[in-house]
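Shared between the two complexes below is subunit A, which pairs with subunit B and subunit C, respectively.
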Partner chain A sequence: MIEAPEQTQVKIVEPTIFELSSPGRTGVTFPASDVPETALPPEELLRPDLPLPELAEVDVVRHYMHLSSFNYSVDTGFYPLGSCTMKYNPKINEDTCRLPGFLYTHPLQPIETVQGNLALMYQLQEWLKEISGFAGVTLQPAAGAHGEFTGVLIMRAYHKSRGDHKRVKMLIPDSAHGTNPASSGMMGLQVVQIPSDSRGNVDLKALEAACDDTVVGMMLTNPNTLGLFDENIEKVIELVHGCGGLMYGDGANLNALLGIVRPGDLGFDVMHFNLHKTFAVPHGGGGPGSGPVGVAAHLVDFLPEPIVGIIEEGEDDMPPLYGFVKPAKTIGRMKAFHGHFGGGLVRAFTYIAMHGPDGLKDIAQYAVLNANYLQARLRNTYHIPYDRTCMHEFVAEGRFEGSDVRALDIAKRLMDYNFHPPTNYFPLIVHEALMIEPTETENKDTLDAFADALIKIAEEAKTQPELVKSAPHTTKFGRMDEVKAARELVLCCWLPENYDLEA
Partner chain B sequence: MTYIPISPKERDAMLATIGVQSLDELFEDVPAKHRFPKLDLPPALTEMEALDELSGLAQANENVRSDLISFLGAGMYNHYIPSVVDHILRRGEFYTAYTPYQPEISQGTLQAIFEYQSLMCALTGMEVSNASHYDGATAAAEAVNMAFAQFRGKRRKVVVAPTVHPQYRAVIRTYTQGMDLQLAGDDQFPITDYQPSDLLSLVDDATCLVIVQYPDFFGRIYDYTKLIEGIHAKGALACIVANPTALALFKTPGSMGADIVVGDGQPLGIPMWYGGPSVGFFTTRKQYVHKMAGRLVGETVDSKGQRSYVLTLTAREQHIKRERATSNICTNQGLVALGTAVYLSLLGKKGLRQVAELCYQKAHYAAAQLSKIEGMGLCFSEPFFHEFALCVNRPVEEVNAHLLEHGILGGYDLGQDYPALKDHMLIAVTEMNTKEDIDTLVEVLSEVSHD
Partner chain C sequence: MNAPAHLKYTKSDEWFDPASGKAGISDYAQGQLSDIVFVEILVEAGDTIEAGKPIASVESVKASAEVYSPASGKVAAVNKALPDKPELINSDPFGEAWMIQLEGGTPGDVMDAAAYEKYCAERAH
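Take a look at the complex of A and B:
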């Protein structure tokens, strides 16, 4: 049985939109119908009541403005969340993606009426191919995890098309993102975990032992989640290819590689991009993302349908006619319509167009500079278990000898210094992990202030551990009772009529 | 240009702290022969040039606000979006935040998602909602995953009505190709005579899920209560793919006994944006909450005794369960879900009902006028919402080309997916279409019939 919430003791900071409702208020009105009236269908097909809130426009605006003030964001401060590439999102992208020609086009319009959209998509496919060294790209996947799923489907389809049915194993390093095994699991594949060696690279001996003719392939993030570029990357790929497997690149960390190295040149067969990380599509409080997938020449026929192609070549002043094409052995459709066109593709297109080849290389170089600078400043205070030149991020241990302060406490205490905490407890192979990714869009002053705060917290952990363990102190909200949330499962502030609380 | 705020002098100081001479030195782990490729990309544009370039591309399209009168729907709809929605979505505090892993400084996002979940429950008549999926099609595919997991793989058949959106059915096929699952119903009935109750002949003890659409792909409204009773009698779950605008007017899927209700939230204040991003809503009964994929926000209290919200039941998710997770979903459509919540808050009880009634009235006026045209007629006689199948008695492509010459974006060509409905188009009418628009359509189509 679910206990009634203890309403009397709980303080409400901002009422819910339902609590703010007052019968009779309206937020927007529409023009009256201008057509002769048709009777509604019989009552048994209609709903008796629509239990939505009733508010005026100002009520709605104030409510959401209050809520917005409870959020930490890139626009308000440093957000070094490892593996998430929380870079600054240029404002011009917000304008270009909202041009009426993009906003108000229907995905099923005849291609002749949407040549601007199709030209943009075609060009973006070409640019992503050039940046990554792949032969084909689909823009359809909605997010990184969706791109991964697409990639795994392509790998499976490739082996099947060759009559190679015994491949059931996916090799995944112990440092991998959870989405890698989950994407493989969705396909019913068996996941074989490959350990990392003492320098944070894939353990070659273990990999060699796992490589046989039942291997679908390997999913590898490189730079990996320790922020390290695998020193034996060519050997790793050679081993996987040697047993007939395909090499999947998790593009989560592509920010470190722009203009530095192309995964396709290294021998990767398939990779997803995270346009919301690398190409500054904003994260939106958890989406929408955008996860295009690039593939090498032997996998182009398996891409999801449709992709954008040239239907008729252009001549002299005539641009080509762009349209949709279906790859010969396509795995099918990954979502309705053509991917996250407006929110993802237009913003990423704008971003790449404004950077050009040199600007893209600058992104990677400064992202790596910032990470190494922070690592250098923190090295003497925080233990860095895999300590070598990092790429765009690094992982420190959030624990100190003689103190029971944990990574979580350090994360929470950072909020008191006005910083968003790094990712913690990931990757799983580092104890009390603090995974720090500063990105290229932070200046030296910010990095210094952040390093100073972390050094100060390390000292507090020894001198005033209770202060750190009870942090944050200066934020509007304190630590949450997560057990209560999971036990009581109040997931909605409105319940249907006759809802049985005992069920 | 770039957005890097580091001066050359600061850069050099930082390199010195690191102990290297140059930026290039940081990349010695990268195989030398592939290091620093020369990318064949156009040179960088300034902001001014980029805006010009993008404006040119946008203007190369014909859009449904200033260039075309649209009667095209088929899963994405041209509705009015009140100004407030985008003003809220443009707040950097919302759109430049990440998934709310640190609840103390993410209560804005968390409460907004909690309210989104509540609004979706209110709309569908269901008990729990997750924080969203990519779109309606992937939400439908996740319903299959959930039902499959619910029976622990012991029931391996899914029945999908042929009147579910063709692209949704295609996505379900893609998603399930590694699952050793039988998909039935898709092409087993003559579409012109099909009735939802026909599906029961396919439901057996091996069936885990039956999926129907509401209104169906042809815009028709059915009371699925009896069908769902039949599905439940076989022990299977029932999923309804619903249009959220229609739910303002018609009986809720929850009251029909549905176990899962999914759909695309685009009609709720989200621009069509050439197909995305939109948002897939996913609601179900509380008893299935542990099998539901996706992020979930729950209410709790903080250390100061304040009501607050956290991501909960995270043990179901991929970062904990890894290969044993039912889904790999990681991000949701946070910002788009926020947009739908703002839209629903603003329109509220009266506004959404008004939009639904306007759609209904205008679509019925259009249907009545169009069916008077000689040689044309409605394909079906069931009650419908804001879309209907019209027989135009000649190739739809030809008819649409003619309409386009008159600035009209015609209906969806049903013959592409249903050979029996060759020469039929699916016409969508919303509050955006005036009587004058509809009369123009009728007039131009009358010309076609006399050609």
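Take a look at the complex of A and C:
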């Protein structure tokens, strides 16, 4: 049985770089100048001093090395953050994205000088089409939500091109990621929330009632944020198409479907991929993401420009000439250049190439197996409100009869067991949600250790609730005051002098 | 959970006081949201609003939520002090944390306190 971590009282706190500063210390000493001095800019452009920290190079390196050792990452431990697909990212991706041919190129170079880059992008477009069942792909969007916005722009452009101007509503299930209503809201669309039924599927009656000729479409994540594949997906798509709407797929959970189900075959019209989730591009801390968008044949003409295409077919040993093409009714550019090339596209290309079709199918199968194994091990201890065979993740309730321990406390206590907490309080339709996504990269030993920790915490919640409610105890910092942090926002290090707070 | 008998309640957890015309969110709602850290009132005195339309948006450390008007009518006043003290929604949801006051408000789809308590109890499981 797993041992409960003991409380440790000693906290090692690293001073800020400003506190470490000492006047006169420098990282680099310049030699005496051997060029003539020039006059300084006019006085109004100068400031008397600049409060930068003064330290030797070694002190700076040690400071940031100390701070980085406080981090928790996929490379240091299990990271079951639901909906985020925090799988291990193979290190070969780091090698390929640093190949000099990729690294030292510029997006404004003539296409003849970057044929390798363009060939990679073209092949990635083709692979993403094959994986998803779509007819066209743009690699431009910078992240998942940017992909959503691109997709919704394409949907609107499609309706407009048909002279269908009365469509103003986007249907979104109550289990959706918050980015879905946000992307629709940015377009000025009205968001209509569709409830889930008792099995976690889209409520068909409510959907049917909402479908009319003012509907732009529906944004659906499948499997949804409960980790459940919608059992009525064909009927859902039929209803939306039946009223003239388009079906948008949020590809955040594509990891569960690779090589098994293609959203394009199901009838989805548009979908964004999260290369940073499904195709092992490191993410977290806000980026960088990569959110390519795939579209069905009737929407190909609306894709953002440019996309990578073949300008001249190859012959015999001659490869084709790749270049940029402009879709006929394009919605325009979504990004200054061509997407997150090295950071996202090269890594995702490498990942797909390394796995091949069978390997991609394995990914989905192991991701689903791992989630179901964890769900089965926790089912008797934690209430699973939508208790079905899950896909790549599942949602448990972090609360117990007769205990005031909550999901947040359980999440914090997991840190004492050296696990990253799962997503909590999302999706909103589950009380005290703990959303657990183990991903395919974890072995049975890790899954068992995590399940043991959660079961132990459930026991602690009954026997020593105060221990759980005051967790974490073994981390560098204890429980953060989230309320104070949110209510008293300080968004810069210091206030400029003479800054008028009342103004 | 507390639900004063003189108030009316919506399924989306707002309360309405037919006597004073004031409206806000219920004790159950604040409990579910936990510590409220931000509130923005989206209507102004003088606006005419319909029941079911958004009147405010609240954010807690756990989630953000829209607040819908429990009644239709003309807005006589909004609680200007609330955005500076969002924690009032946690400490006094039916009193100091009123959000808007309607003049001659007509309740929308509302229920009495007993029905609301039953509705909340059902959702807790």
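Assume the second predicted complex is superposed on the first by the 430 of 503 C-alpha atoms of A that agree within 3 Å, B and C clash if a C-alpha of one lies under 4 Å from a C-alpha of the other, contacts with A are read in each partner's own complex, and residues count from 1 in each chain.
Quick note on the criterion: a residue touches a chain if its C-beta (ideal position, glycine included) is under 8 Å from a C-beta of that chain, and two chains touch if they have at least 3 such contacts.
These numbers come from a predicted model, not from an experiment.
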First (subunit B), second (subunit C), both or neither touched by A:A449: neither
Partner chain(s) touched by A:R262 [first = subunit B, second = subunit C, both, neither]: first
First (subunit B), second (subunit C), both or neither touched by A:A486: both
Which superposed partner A:H431 touches (first subunit B, second subunit C, both, neither): second
Partner chain in contact with A:F229 - subunit B first, subunit C second, else both or neither: first
Dominant contact partner of subunit A by residue count, subunit C or subunit B: B
Partner chain(s) touched by A:L204 [first = subunit B, second = subunit C, both, neither]: neither
Overlap of subunit C and subunit B interfaces on subunit A (superposed complexes): 426, 482, 486
Subunit A-touching residues of subunit C, taken from the complex the two chains share: 32, 35, 37-38, 59, 61-63, 86-87, 124
Touching residues on subunit A, where the partner in the complex is subunit C: 408, 425-426, 428, 431, 482-483, 486-487
